[in-house]
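Look at the two complexes coming up: chain A is in both, with chain B in one and chain C in the other.
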Partner chain A sequence: MAERKHMSMSTKRRIGNVASYVTLALISIIWILPFVFLLLRSFDVGNTGPSSAIFPEKFGFGNYIYLFTAGADFLKWYFNTFIIALVVCVVQTAMQFSMSYVLSRYRFKLRKFMMNFMLVLGMFPGFLTMIVLYQVLKTIGLTGANAVPGLILVYVASSGMGYYVSKGFLDTLPKSLDEAALVDGATRAQIFVRVILPLCKPILIYTVLTSFMGPWGDYVFAYTVSLGNEAGMNVAAGLNSWLAPNMINDHFAPFCAGGVVVAIPVMVLFLFLQKYYVEGVTGGAVKG
Partner chain B sequence: MAEVIIKNVKKIYSGNVTAVHDFNLHIKDKEFIVFVGPSGCGKSTTLRMVAGLEDISEGTVSIDGEVVNDMQPKDRHISMVFQNYALYPHLTVYENMAFPLRLDKKQRVEPLSPTEVERAQKELEAARAAGNAAKVAKLEDELQNGRQQKGYTNDQIYDRVTSAAQVLGITQYLTRKPKALSGGQRQRVAIGRAMVKDCKVFLMDEPLSNLDAKLRNQMRAEIILLRKRINTTFIYVTHDQTEAMTLGDRIVCMKDGFIMQVGTPAELFDMPANLFVAQFVGAPMMNTVNCDLSREGDKYFVNPYGYKLPVDGEKGKALLERGVQSRPIILGMRPEHIQLARGKEGIPVTIQVNEMMGSEYHLHVTTEQGNKLIVRIPTISLTDEERNSMVNGTQINITFSGKAMHFFDPESEKNLLVDITNADAYELDADIIKHEQQEELPKAEKEE
Partner chain C sequence: MKNYTDLELLRLSKAKRTGHKIGVTFRSIPGKFKRLGIKIGLFFKNLVFGIGHWFRDIALTFVRGDWKTKVSYFVMGFGNVSRKQIFRGILFFFFEVIFILYMALFGGRYLSKLYILGTNEKTIVDGVELPGDNSFNILLYGVLTLFFIVAFIYTWNLNIKQNRINEQILKDQKQLDTGKDDLRALIDKNFHKTLLALPTIGIIIFTVLPIFFMILVAFTDYEASHSTFFGWVGFDNFGQLFNWSNSGGSKFSMTFGQILLWTLIWAFFATFTNYFIGMLIAMLINKKGIKLKKLWRTVLVFSIAIPQFISLLFVSKMFTTDGIINSLFHTHIDFWNNQWSARICVIIINLWIGVPYLMLVVTGILMNIPKDLYESANIDGANGFQQYTKITLPYMLFITGPYLLTSFTGNMNNFNVIYLLTGGGPETQAYYQNAGRTDLLITWLFKLAVNKGEYDFAAVVGILVFIVVAGLSLIIYNIIPSTKNEEEFQ
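After this line comes the complex of A and B, so read on.
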């Protein structure tokens, strides 16, 4: 009896396993296919227009060379994006951490209200404010060709609102560390720099990564603020302009190549910081 | 090395929780004071107000004659050891201990540290040999009077950290991170970090309560030695009465934010001001029973559990001196002051629980009326036969020694024979009067 029950159990489990593996494999294929497609198409120098063929007609690096020749605006877009992402990454990380530290360690009037208010505001999709932001930026002349500082302003302005992940982490650091440092003779600023920040390394790297990637991959705001002016576009908006009906016929393969080039710095950054990134996402639970 | 005067200090937390009511204490220079009491009685709050980690709602705290209410912790010349160690996880043990010294950038005249003395002496010899009179004079001056400097030199930091590490036996861990240390080692590092800088008051908030029992006993002994070495004013917080009794010069026993009694360990044990202190100090807890104190001429008797017992010795005299009349009381008897009555006389009780502690027996017994009490009997005072008969359900006879009885008022729970619970409160009042008189004098001069 027991024997047969055991066998039926293991058969059941085997069927279950097969089913879940098949499902997972399917999901993986669906997920990974676009990347493979993009990569392969980017090497097609035979047919540079839109095509559903996965394998290129003719292999070559022509599309990549095209990206970096003077004729294409790609370099300009790439540079724009890099500047925006770099500035935003630095400013946003600094602001988010100061904000989190204050919210975690100081007690002041309206603290709770402010935290909830920002949380609720953060729940609205950002592009709801797009029209207003566009009008404001236009008034002060930061649209079109001047979109880069305009975009930096837009991304940085709300950076304090992303406080909750890092505040959550700071909350797990015992307050007695701050107190011990106070007694040892540290000022608040010294505590922040010499005690708290070194302990925040994982979450700091997580913040750096996310604040770099936000503007790096943004399309909606960048497209709106640059509004068709190629000088002010970032890569996403710029590359998208290659998909316009009059461009797509000879720009689809370069578009794919552009996509690959855009992914490279993020990939490098990830590989480089991977160890810390994983720690950062889970590290909050473990006391430092 | 300083007096700490805590005067009429009150702490009201937001939400109107009064954690400390009118706290008065005059801590003398180099005194070891212990705050003891059950959890939540306001010990930590009071300590943290002295440290400057908590605002003082009312009253003043002064250290070395200076009111520190509005002073940052770093300006109060205090060191503190926290219950959870609060070591900096990213720094090595050495850097943890060096941290307060590295932060201190004050201008000071500092005597040369041993390493520096050694080097200066070599240089001095060389300078003398070379006939460099200016250098000789400078080195001689430094060796004798110390050096004018900002903060501490690396050599001084090294010498201080390594000598503290040696005292605490953590030299071999100096390069480790706190994560790689056991609880006891971490606590040593925390004490070391507090030790390296010169402080006027050394504060400790339950430093041993995260350690296991054996380590706690060991560290307690080490703190006594440490105290001799550091030789400064200590305030030590604990909920453990054994720690309080063994460490304190004086103990401040607290309950619900009030001081119940201030006194030496012996005073608290022999003359508890009230029922709370009587039961908090000493283990197992003092036995109590409601009964009557009766006066017959110059003699006093009590009638616990329906048995009439005489009050004799000092206690009887003290009652007589105060002219106490017959009245209802709560009678207190410490478990160690109850004896086995080997004859027929005595109060018959039945053993419910028998705890063999090695050197003594703790017997939980009930009287014929069902009153529970605890009796402590040294193992050495028992014959083998008696030891074997100390089993649950056995009936034994016990007697109280009349000279070790405590009498409390059933309503106020105050000890009938102890008047003052905090002599400091009176002393401080006198201080205030002195102070006010002094302040008036210069004013009068100005008017002239």
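After this line comes the complex of A and C, so read on.
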């Protein structure tokens, strides 16, 4: 009797597991399918407009070749985005980390005020400031073809406000580390560079990763600042311009190909550093 | 309602106990609001008293100070230089010179016109263009000058404080810091100021100043059609919000109400569908006996790793009448042209983007739930559902409370999903400036500003978004049990 009950328990578990696997497989298919469609469309050289067909009429690398020919500005956009992302990830990480380090480790008079103030500032929609920043960039000539430095400036300038995740991480490092170093006669700058920075590798990698990925996906501001000038666009704004009603009919498949070319490095980077990303996301979520 | 002691509470039946708990929670809400009100009141009281104290200190320092201090009220840094703090003194003095030059040559002009934003428009007389006032520049540089004045007052106050402190130090027969000491302090005692300098200046110039500017724009008639010549209109733009009559031609208030309602509905569904489905999937993957855990997670994370403008634009095309979805099912549904199907679609597609984040967050927390809770529940014969509602869910809700709030407000401002999927459409004549049925306040703001050039109304919408988000956060943070006592973590 006891034996049978045990058996039924394990059969039950097995059925449960099979059901779980089926559900997971279904979910995975749903999650992957759009990318499969995207990939298939990018190889369609028979019909380069939007299409309801799942499989291409004619397979070929024509769309990819088109991306890298002189006729398309794709290479220019790609290069722009890469430069932006490179500069942004260095400067933004430095500024964000300085801010979180100070807010986590020091207790000074304006600290609480600064934190509350940044919290309140963060509640204003980001696009509100876009109107002014755009006009200012236009006045100093950093729009249109020269949009790249303008974009970098705007992405980087306020990055101190995103200090939350790193601060959450720094808060978990014991303060006795700093105190011990202070007793040993280290200056505050030495503590920062020699003691704290080496311990913060995971969160630094997370910050670099997220700030590198940000510019690849920013469409709205890049589009506004480039003023429709192809030389100043990033990939998002540029590829999106191919979906305009007068372009889409022969540019949809190249758009998909461009999407694949953009997605691959970002994806590889992401999967490679997924561990750090998970630490960052969970750390930030729990500690707010 | 009766007040129970802990022991009495334990003796009550389960239902009664739960009822009691709910009652207590609701009864405490007015008290919490009262405390919130008191807090705000105290803040203003402190502000007024603080300013009073400041004036008194300034006056007292002047009266009690020696002649060096008194001169410093007019020539900044004089006190420092005469007390051999040359480095600081010169910095103060330079700041004062720059400020005076700026005001005389540049700022003063704009500041004096700020109250009216320019009087003469650019005109063309006999083919010759006469430059008029540029209201945008007047407003922008006027605001900049105001900020500069505040910075000056702050520095001036610092200068006076230094005199006061230095007098005291000298009276105590101690040494004053030299320039060398000051520089050394930048990497030691004042290292935090060194680190903060750049990020803070960036935030002030690129966030605080623009926000302040846009708040002012809400009180003007700044629009693209006359972008260099506009004036103050007071509360007129806000007045439109309360102008409920449709006959006046203004649909602004009705549109705002409708879009706000949809924004809240969207944020609610987007947050909670993501939350529960993400949690279920995370639990499914974490279940004992499920293999390839890493693979399942990686597959889901794909949709985070790919830039949204690619994935969302492509998915949006999949749902058109001649898109892949319709051809898969041999249907001909116009998903994006019907307000209800469009709204349902964005909520469902948002799952595809949002669930992986939740899964990542939840996975970490699930592993931290003490295992013995489940073991003892198993022994007591609780089934899976009971374990979920009695252990997992309360634990998750407790830990992720603040996260839920931020993702709620984040979803209210979730520009990408809406803009890339539907562009706010289907557009309707019934709304002001043909706003769309899936437009959130944030996309509406963007369209008003960028497509329609109505910067003044965009600013009004922006301020209202802020008020809604800030109000919600303030209320919820003060009502939910806060898990955020930061000193406890360290």
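In this text, the second predicted complex is superposed on the first by the 245 of 288 C-alpha atoms of A that agree within 3 Å, B and C clash if a C-alpha of one lies under 4 Å from a C-alpha of the other, contacts with A are read in each partner's own complex, and residues count from 1 in each chain.
The criterion applied here is as follows: contacts are C-beta pairs under 8 Å (C-beta built on N, C-alpha and C of every residue); 3 or more make two chains touch, one makes a residue touch a chain.
Computed from a predicted model, the values in this text were never measured in an experiment.
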Exercise. Touching A:Glu179 in the superposition: chain B (first), chain C (second), both, neither?
Worked result: first
Exercise. Is A:Trp216 in contact with chain B, with chain C, with both, or with neither (first, second, both, neither)?
Worked result: second
Problem set entry | Between chain B and chain C, more extensive residue contact with chain A | C
Exercise. If you stack the two complexes on chain A, which partner ends up touching A:Ser10: first (chain B), second (chain C), both, or neither?
Worked result: neither
Exercise. For A:Leu199, is the partner it touches chain B (first), chain C (second), both, or none of the two (neither)?
Worked result: first
For this session: Touching chain B in one complex and chain C in the other: list those residues of chain A.
Result: 174, 187, 288
Exercise. So in the complex, which bits of chain B are touching chain A?
Worked result: 51-53, 72-74, 78-80, 82-84, 86-90, 99-100, 103-104, 193, 197
Exercise. Which chain A residues qualify as touching chain B in the complex?
Worked result: 174, 176-177, 179-187, 190, 195, 198-199, 288
Exercise. For chain A, which residues count as touching chain C in their complex?
Worked result: 13, 17, 20-21, 23-24, 27-28, 30-32, 34-35, 37-38, 41, 50-54, 95-96, 98-99, 101-102, 105-106, 108, 114, 118, 120-121, 123-133, 135-136, 153-154, 156-161, 171-172, 174-175, 187-189, 192, 213, 216-217, 219-220, 224, 236, 239-240, 243, 252, 255-256, 259, 262-263, 266-267, 270-271, 274, 277-278, 281-282, 285-288
Exercise. Where on chain C is chain A touching in the complex?
Worked result: 136, 140, 187-189, 191-192, 194-196, 198-200, 202-203, 205-211, 213-214, 217, 281, 284-285, 287, 289-290, 296, 298-311, 313-315, 317-318, 320, 322-324, 326-328, 352, 357, 360-361, 363-365, 399-400, 402-403, 406, 409, 413, 415-416, 419-420, 441-442, 445-446, 449-450, 455, 458-459, 462, 465-466, 469-470, 473, 483-484, 486, 489-490
